[in-house]
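We just call them A, B, C, D, E, F, G, H, I, J, K and L in the order they show up, numbering each chain from 1.
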Amino acid sequence: MKLLVLNGPNLNLLGQREPDIYGRTTLADIEQSVRELAGKHGAEVDFRQSNLEGELVTWIQEARGNADVILLNAGAYTHTSVALRDAISGTGVPTIEVHLSNIHAREEFRHKSLIAAVCKGQICGFGAASYTLAVHASLSISSKK
Amino acid sequence: MKLLVLNGPNLNLLGQREPDIYGRTTLADIEQSVRELAGKHGAEVDFRQSNLEGELVTWIQEARGNADVILLNAGAYTHTSVALRDAISGTGVPTIEVHLSNIHAREEFRHKSLIAAVCKGQICGFGAASYTLAVHASLSISSKK
Amino acid sequence: MKLLVLNGPNLNLLGQREPDIYGRTTLADIEQSVRELAGKHGAEVDFRQSNLEGELVTWIQEARGNADVILLNAGAYTHTSVALRDAISGTGVPTIEVHLSNIHAREEFRHKSLIAAVCKGQICGFGAASYTLAVHASLSISSKK
Amino acid sequence: MKLLVLNGPNLNLLGQREPDIYGRTTLADIEQSVRELAGKHGAEVDFRQSNLEGELVTWIQEARGNADVILLNAGAYTHTSVALRDAISGTGVPTIEVHLSNIHAREEFRHKSLIAAVCKGQICGFGAASYTLAVHASLSISSKK
Amino acid sequence: MKLLVLNGPNLNLLGQREPDIYGRTTLADIEQSVRELAGKHGAEVDFRQSNLEGELVTWIQEARGNADVILLNAGAYTHTSVALRDAISGTGVPTIEVHLSNIHAREEFRHKSLIAAVCKGQICGFGAASYTLAVHASLSISSKK
Amino acid sequence: MKLLVLNGPNLNLLGQREPDIYGRTTLADIEQSVRELAGKHGAEVDFRQSNLEGELVTWIQEARGNADVILLNAGAYTHTSVALRDAISGTGVPTIEVHLSNIHAREEFRHKSLIAAVCKGQICGFGAASYTLAVHASLSISSKK
Amino acid sequence: MKLLVLNGPNLNLLGQREPDIYGRTTLADIEQSVRELAGKHGAEVDFRQSNLEGELVTWIQEARGNADVILLNAGAYTHTSVALRDAISGTGVPTIEVHLSNIHAREEFRHKSLIAAVCKGQICGFGAASYTLAVHASLSISSKK
Amino acid sequence: MKLLVLNGPNLNLLGQREPDIYGRTTLADIEQSVRELAGKHGAEVDFRQSNLEGELVTWIQEARGNADVILLNAGAYTHTSVALRDAISGTGVPTIEVHLSNIHAREEFRHKSLIAAVCKGQICGFGAASYTLAVHASLSISSKK
Amino acid sequence: MKLLVLNGPNLNLLGQREPDIYGRTTLADIEQSVRELAGKHGAEVDFRQSNLEGELVTWIQEARGNADVILLNAGAYTHTSVALRDAISGTGVPTIEVHLSNIHAREEFRHKSLIAAVCKGQICGFGAASYTLAVHASLSISSKK
Amino acid sequence: MKLLVLNGPNLNLLGQREPDIYGRTTLADIEQSVRELAGKHGAEVDFRQSNLEGELVTWIQEARGNADVILLNAGAYTHTSVALRDAISGTGVPTIEVHLSNIHAREEFRHKSLIAAVCKGQICGFGAASYTLAVHASLSISSKK
Amino acid sequence: MKLLVLNGPNLNLLGQREPDIYGRTTLADIEQSVRELAGKHGAEVDFRQSNLEGELVTWIQEARGNADVILLNAGAYTHTSVALRDAISGTGVPTIEVHLSNIHAREEFRHKSLIAAVCKGQICGFGAASYTLAVHASLSISSKK
Amino acid sequence: MKLLVLNGPNLNLLGQREPDIYGRTTLADIEQSVRELAGKHGAEVDFRQSNLEGELVTWIQEARGNADVILLNAGAYTHTSVALRDAISGTGVPTIEVHLSNIHAREEFRHKSLIAAVCKGQICGFGAASYTLAVHASLSISSKK
C-alpha cells in the first residue's frame, strides 16, 4: 500500500506556531511516526508540505495511479478551497481528511470543510495522533478492497 | 483503562437499516471488535445503546469517576441535543465523537454537531472502523496523561 | 392491513388543551373514529401516545414487520427530532404525517417538519378528521402494492 | 355541496410529464375519480385547469357564493403567488391545498407554500389520491357547518 | 395631464373582501373620487383593473406617450413581480406606488416592494384616500416639469 | 385641527445638504408650504426639528391631547429607533410617516422603517410635496372621525 | 399556594459541574432555600428533577389543578424543546422561567429560549438566588388573582 | 431542425427601453438575425413574445414534439417563475437560457435564475449576439444526437 | 447599600401608555414600591428617568463609586444601544436588567438585548414587581460581597 | 488647517474604563498629543466629547466652513448611528474614522461601521497613536488639495 | 484578433475526471477546436492552463496590450477568487466567462461566480462547445469596436 | 527596526489599473516614500509583491526573527485567505493591515477582512499615504516595547 500524506499551508511551522492549539510536535516528528506505523504494516509513505493551493492540487492529481490512499491535512485551505475539492473528486483516490485540532471546537469559520463532502472520512482533534489514526484508517479501507 | 461506549437512537437497528449508508455490520459486531481491540490493550469496555436522550445524559453523568474515556456515537441527537453537550462538559471525562458515516458529506443539517465543541475530537466516515479508530485514539489520550 | 397510529407529546391533553386551536375532541374520540373506519375496511389498529421522543423512536422501529402503514402525529417533535426521521427511514414502513391543525398557518417554527422528507405524505388542518383521512390514505397506499 | 376543483400550471401535462414524480395518471383520470366520489355523496364538481395565475385568481374570486369548498392544486404558483393567497382570503370560501407529490420532500423552494396560511388544510404526497382525500375532507368540513 | 390608474389582482373585490383591512369602499367609489379630483384640475383619467400580471405589464408599456403619470396599485404583484418593475423602468413614465393599507405594518412579506426602486414615490395606509393623495402628488410632479 | 410636524436629524441642513437627493428647498420653505395649506383648511401647525432622538421622543409624548395628527419625518432615526416607535404607539395620536426621498429606492438599510408598523401610513419620494400631501392625508384622517 | 419547581437535564450535577459558571451550591441546597422561603409565606413546594424531556412534559401536564405556579429551570431543553412549550401553554398554569446563569451572556445558542413566549416572565443570572426570586415572583402573581 | 425562440415580458420594448443596458437593436432585428443564421444551417424558426407567464408556459408545453430546441429569454420571469421551470422539465425539449445583458453583473436579485437548473446551458451578456450564439449552441446540441 | 434605578425612554408614560402590555401602575408607584422595600433593608435609592440615550450613559458612568448596584430598565434602548452596553461594562457597577413585560414573548426585535451580555442578570415579565424582585436580587448580590 | 476632533460616548472614561482593551491613557492625554503634533504643523485643534448622538450630529453639521478635516471616534455610535452617517455626508468636510482598539478583532457587532462608507479612511487598533496617525493623515489630505 | 484562452485548476484532467459531468473530451481536443475555429476567422490563439490562482492572475495582467479578448474558464477559482476579479477589471481586456458544465444546475456553491460581475458575458453548459461559442462571441465583440 | 512590507495580488499594476479607485501612483513610488520615511527614522525596509497566496504565506513565516513589524496590503486575499491569517498568528510578528482604498466604502464583499482579527490595527483609505501612516504606526508600536 502506498500512502500520500499531504500537508497544507503553515504546517511547516508546526511545533513553533501557537503551541497552545497545535502542540510542540514538529512536522518531522509526525512524518517519523507515520513512517514507523506504516512501515510496520508494509506501507510506503510519500510525505509533503506546501503553502501553495495550486501545488497541493497538482500533487492530488498525480496521486492517480501512484497512491492507494491520500491523507490530507489541508490546513487553512480546508475552509476556502473548491479547487482541492475538485482535485480530490477528480483523482478518484480515497482521501482521508486529517486535522491536528478539533476544527469543530474552534472559530465558526473553521467548522465548515469544503473538502469533507468528497473525502472518505474525517479525523480531527488528536494532535499528532490524528495522523497515525489516519494510517490505521487507511489500512482499514485498504483491507476492504 | 475503562472505556464507556455510548450509542444513541436507531443504532440498535444497525445492519438492517439503510445498509447503503451504514453497511451490514450490526451493533453487536461493533461491540465485539471494540472489546477485542480494547482487550488487547488491557482496557475494559462498557457498551450501551439507548433511544432516549435523557438516558444518554444520565449515562454520561455517571461516567464521572467510572470511565477514563467516553466514545459517543450520539446518532441523531448529535445535531439536536444541547443536553448531551452540557452532560459532556459537566462530567469532565474526555469524550470522542464517533460516526459511522461521514456526516459532513450528507444532508446539510447533519454537518453541524452540537456536541463537537466539548469533545476531544471527531472520527467519522469509516463505518465500524470508526469505533476501533476511536479505541486507538483513547489509548493515545490515555498515554499522554 | 395493520395500522400503527402514533401520537407524540401533549396529544394526551387533547380536548382540554387550547381548544381554540385543537378543538374539543379527545384522543380517545379520535381513536374510536380511526378504529371504526379502519374496521369497516378490515384493518387492525394499534393506537398509542407518548411524551418521550425515544419511546416513539422505539415504537417506529418495532413497526418493521408488524405494521403496513404508520400514521404519525409527532406533535412538537415534528419540528425538532432528527431521531424520529432516522427511525422512519430505518423502519421502511410507509409513514403518513398527520396534524390536527394546519401547521403551515401557525408560528414560523411550526412550518418546518423534520420528518416530512421521509414520509409518504402529509395531511394537516382538518382536526380529528386528519386522522380518518389518513386512514383513507393508508388504504389507498395499501391497494397500490 | 358544490366543489370547485382548480388546477394550476402544467397540471394539464399530467401523465406525460415527469412520471417518476407525478405518476402516469392524467388530469382527466383524476377528474373522473373526483366526480365519482363526489357524486356518491351528492356533491357537484366544477373542475378546471389554467396556466395563468390571473385566471386562477379570477376563478377563486368567482367561487364566492358559487362553491362550498375549493380544492386547489396551485402547482408552481403555490410557491410564488401572493395574488392567489389574497384571492383565497378574499373569497371567504374554505380552501383545501392539494398536491400530488409530497412538496416537503422535494427541492427546498417547494417546501414553502405562500397560500397555506389562508387554507383550511393541506393534503400532499398521495398522487391522484390526494384529490379524493380532499373530497373526503370537503365532506368533513361541510358536515360541521 | 393624463393619468393612468392601474389596479392589480383582487382589487376588483374591494368593499367585499376583508373589510377590516381594506374598508368598505368599492373600486368604483375610488374611481369616482379620482375622476372628481382629477377633473377639478383638468386632468384626464384612464382607470383599469386586471388580475393578470402580463396585462398590467402591457398597460404600463402602452403608457409611453399616452400618460403623464401612472398611479399603480399593483396589489399582491407588488411583492412578487420583477416584470412590473422592468415595465415601469422601460416605459419612462413617472409612476406612483399606491396602497390602501400600510404594507409596512402588515405581514413581513408585504414589507418588500419589488417595484418601489423604480417608482417616483410611495403612498400607503390611507385607504381610498391613498388614491386621491396620489392625484395630488401627480399634479405636484407635473407642475415641476 | 392641530398638526404637530416633527423633523429628525440633519433635516435642519435641508437645501444645503446633498441637493441631488433632497433638492434645494429649505426646511423653512417646507414649513411655509405646510402652514399655507393647513391654514387654508383652518388647521394649526406646530413645526419643530431636533437632532436628538430623546427630544423627538418627548415631543411625541407631549402630543397626547395637544395634537390631532403627527407628521413625522424621523430622518435617520426611522431606521434605528425603537424608542420613537414606542413613543408613537404610546401617545395614541395618529402619526403619518413622511420622507422627502423614496427610501425604498435608496440603500438597503433605508428600506426598513422601524416606526412604520405603528404609523397610520407612509408618504415618501415627493420632496417637499411629501409634507403637503401629508397635510392632505391628515385632513382625510380627521374628516373620518 | 402550591409551587411546582421543575429542574431539567444536568441540574442534578449542580455544585460539581462547571462551578465557574454555576457555582458550588447543590440542587439540594436550592431546594432547601426554596422550601424555607415558601414556607414563610405558607406555600407548599413540590421539587423535582429529570434528564428526560418527556418526563418534564408529563409533570407540567399534571400541574393542571395541582399547582398554582410552576417554576421551571428547563436547562438545555430551554433552547431545543417545543414539546415543553406546548405543555406549558396546554397546562394553563402560570410558569416562571428560571436560570442560574445569565443565558443572554453566554453562547449565542443559549440566547434563544423556545419556552419564553409562553411563560409569565424570566429570571436569570443570579445563581441559586434566581430560584428564591422566582418564589417572590410567584407570590406576586398569586396575590394579583 | 426546428427552433422555438421564446421571449418574455418587456422584450417587445427592445430598442426603446433602457438602451444603455439593452442596446438599440429591436426584437425584430434579433428575429431577422436568428432566421438568417438558422436558415444557413437549414433550421426552421418559430419566434414569439409574450408578457404573460402562463402563455409562455403553454408555448413551452406545446414544444413537445414540435421543436428540437427551445431558446428562452424569459426576461423578468427568469427570477420569479417556478411555473416556467416546471414547464421546461415537463416538456423534455432541450432549452437554452438566453439573456441580452450579463444578469450576473446587475442587481443581486437578477443573479438567481429559477429556470437555470433545468436548462441545457446559459448564454448571457452579448446583446443581440446572445441569440445567434444560442443558435450555434442549438446546432451543437443537435449534432450530438 | 445604594441603588441607582434608571428608567429609559417612554417609561415616564407608564400607566397611560398601552396598559394592556404595561399595566396601569405609574412610574411614581413603582418608585414608591422600590423605596419601601429598599428602605426596609436599609438601602438608599436614587430613581431617575430619561428619554435621552446619552443622558442614561452619563448617569451609568457616574454610578462608579456612587452606587452599589444599578437597576436598569433601558426600555427601547435595550435593543438598539451599544453605548449603554459600553457604559455598563465601563462603570464596573453590577447592573440588573429589568423589564416590565416579558420581552421574549413580544415582537422578534425585542428578544435581543444588546446590554444583557454585560449585566449580572435579567428579570422580566412581572410588571411593577420586576422592580421589587430586582431589589431583592440586589440584596442577594450585595450580601455575597 | 483646522482640525475638529470629535469623541463619542464613554470616551470621557478613557484611562479608567477597561484598561485591558483601551489602555491607561486618558482623553486629556490624547488631546495633548494631538495638539502637540498639530501645533508642529501649524494646525488648529477643536477637541470635544459627548455622550449624546444628537450633539455629535450637530457638531458635525457645524464643521461646514469651520473645519478642514474631522477626526471622528464615534465610539459605540459607530455601529448604530445612521444619523452620524447622514451628518458626515451632509457636512461635506472630509472625515477620518478613528478607533483606539482594532474593532475588526473584537465582537462581531463591532466589525460593522455604519459611518465608514462616508468617511475618507479608517485608522484603528493603535491606541492613542490612532489619533496622531489621523493627524498625519489629515495633513496628507490637506496637502493634496 | 488575438485570443487568450485561460484554463484554471483541474482542467488539465479533462477527459479523465468525472466524465459524467465534464465529458470525455480532453483539454487538447478543446484547444484544437478553438484553434480551428479561430484560424478560420484569422484569429491567433494563446491557450494555457494552471492550477495556481496567482499564475492565472499574472497571465490576465499580461493580456493588457497582448490580447483582444480573454476566454476564461477559471474552474473552481470562479467561486472563491477575488484576485481574479481584480485582475480582470485591472487589465481592461474584455473577458468572457466559460464553463463546460451548467454551473447554475450544480451544487449551490457553484451558482455564485465572483468574476461574473467584471466579465462581458457568460457561456456555460455546452461542454467543449462552450469554448467555440466563446470564440464566436469574441468575434462578435471584436466586430463592434 | 526592520520593516517587511508585503503587497498582494494586482498591486504590481498600481498606477495603471483603475486609477479612479487606486490613483496614479505606482508601487515603485510607494516603495520610495516608505524607504524615505523609514530611512529618516533609521529603519530598514524589505519591500515585496506577489500574486501567489502561498508565496505571501511563506514570506510572512520567514519574518519570524527577521522583521520587527510587517506592513501587509494583502489585496484581494484580504477577503478570502485563512492561510494568511494563520501565517500572521503563527509568525508572531506584529502586523499592520494596509489598504489604499477605504475597503469599508466599497462592495459588500470587501468589508470583511479575514486577517483583521490577528492584525495589530488597520489603516485604509488614504491612497499611498496609507503606507507612510503605517510606517508611523510601526514606529509607535516599536517605541512601546
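Note that in this section a residue touches a chain if its C-beta (ideal position, glycine included) is under 8 Å from a C-beta of that chain, and two chains touch if they have at least 3 such contacts.
Owing to the predicted nature of the structure, the values given are computational and were not obtained by experimental measurement.
Between the contact lists of subunit B and subunit H, the overlap is empty. Least step count on the touch graph, subunit H to subunit K: 1. Separating the centre of subunit B from that of subunit C, both taken as means of CA atoms, is a distance of 31 Å.
The centroid of the Cα atoms in subunit A and the matching centroid in subunit C are 47 Å apart. Inter-chain spacing, taken between the CA centroids of subunit H and subunit J, is 54 Å.
Of all residues in subunit F, those that touch two or more other chains are 52-55, 80. Chain pairs that touch one another, listed by label: A-B, A-K, A-L, B-C, B-G, C-D, C-G, D-E, D-H, E-F, E-H, F-I, F-J, G-I, H-K, I-J, J-L, K-L.
On subunit B, the positions that touch subunit C within their shared complex are 8-10, 12-13, 16-18, 50-55, 75-77, 79-80, 109-110.
Listing the residues of subunit B that touch subunit A in their complex gives 102, 104-105, 111-113, 116-126, 129-130, 132-133, 136-137, 140-141.
Those residues of subunit G that touch subunit C in the shared complex are 52-55, 57-58, 61, 64, 80-83, 85-87, 89-91, 114.
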